[in-house]
Amino acid sequence: METLTPTSTCSHTRVGLTTSKPTEFIDLTARIEALVADSGVDVGFVNIQTLHTTTAIVVNEGEPLLLGDFTALLEQAAPRDRRYRHDDLIARTVNITAEERVNGHAHCRALLLPSSACLNISAGTLMLGTWQRVFLVELDGPRVRHVSILIAGEGRR
Amino acid sequence: METLTPTSTCSHTRVGLTTSKPTEFIDLTARIEALVADSGVDVGFVNIQTLHTTTAIVVNEGEPLLLGDFTALLEQAAPRDRRYRHDDLIARTVNITAEERVNGHAHCRALLLPSSACLNISAGTLMLGTWQRVFLVELDGPRVRHVSILIAGEGRR
Amino acid sequence: METLTPTSTCSHTRVGLTTSKPTEFIDLTARIEALVADSGVDVGFVNIQTLHTTTAIVVNEGEPLLLGDFTALLEQAAPRDRRYRHDDLIARTVNITAEERVNGHAHCRALLLPSSACLNISAGTLMLGTWQRVFLVELDGPRVRHVSILIAGEGRR
């Protein structure tokens, strides 16, 4: 007869994905739930962090028309056609790359959204309400993007 | 003479509460501080996560007139009377329930606020500045709501 | 020959700093990276939390013109010259101090930004994308401010 003893676990995963639109909500929930199951963590948390400055991590409902409302809200908060100083490549002196994009609006939208989400794990399950889904929000796509996922807690292995 | 050795702790609590207004700031600070004290954690953190998509967890000052300013700001950012595609039940095809609410504005407000707050614990005390209070923000009340609270760290037991 | 065994680490640091402008982005990245290196944590996370209600912790690009765009966005979201009930010291009954500031706009701006950032650590390194920098955002300066930093995870010591 095997006796399981509690053990402390801490594991990191880097996930790559490709977005296809200027603004897009990529549902990461199934991936995160699979990583939580694989981790063997019983009680703990998962921290999902974007590695980019024109993306965000949000938790909300994944109803398609609602995602359209979110896109309209972000366009209202920081319109794409407004002039942003960040896009004035004559005035700018730093952080200029060969493939520089006109993306001041995307940085401003990212400022208003979280760059990470910390979610709890209980009884081996990612704590999410009925309608909660975890999204990488693309704000300046299409692009190749990376997300960093840390799972930590106590498990039974 | 007893010698206390450091131990790793990780505990989860689910808290239920009932809100009474469409927009409401429920102060969770005393509850969280009591859970931190009970946990025996000396150095660590607490992650407070809402389990709903029309609520938020924010940390700010609890002055009543300021909470009125916050309500006005949220109304300005995503007015209740604007048309949201999410509320068009003829066009919508998914996530429709018997008690469906007209709450596109509440989801949009939730998008602009965090769904969780991760706060530090040091010397057995929740780290909060003089004016900081932790609130569950109800954006589509009144409702029964649930909050997930994870406390982890090193304790002396 | 030495064999390193994994150990669980949890350490807290309180950092003080002085801001010099009403709105200011203070880059904390180098400080956080130094604390992560000192901690000996190999896989884990760092939670950076402000201890004030008129500041925020954000992760975005540190390009100076972009920081000007962010300041303009915050001024648009919650203008300094608008009337806030919080600043009506005749109507207010609580939380009034001798050095009370006219700062309803700063609280409202703080509501729209995170009060903490949880970032992952992998291979002993703070996970940050090419352009990501961590900022304390001063919204009601100049002031003396404090930030709470918790680092936890598994290390090799």
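We just call them A, B and C in the order they show up, numbering each chain from 1.
In this section, a contact is a pair of C-beta atoms (placed from the backbone, for glycine too) under 8 Å apart; a residue touches a chain by one contact, two chains touch by 3 or more.
The model shown is predicted, which means the values in this text are computed figures rather than measured ones.
A rotation of 120 degrees, rounded to a multiple of 5, brings the CA atoms of chain B into register with those of chain C. In this structure chain A contacts its sequence twin chain B using mostly different residue numbers, the overlap staying below half. Computed centre separation for the pair chain A/chain B is 19 angstrom, with centres defined by C-alpha atoms.
Chain A has residues 8, 77, 112, 114, 118, 152 in contact with two or more other chains. Against chain C, the residues of chain B that register as touching in their complex are 8, 43-45, 58-66, 68-70, 73, 77, 112-114, 117-122, 127-129, 131-132, 152-154. By the touch criterion stated above, chain C contacts chain B in their complex at residues 8, 10-12, 14, 47, 49-53, 77-78, 84-86, 88, 91-95, 104, 107-108, 110-112, 114-116, 118, 146, 148-150, 152.
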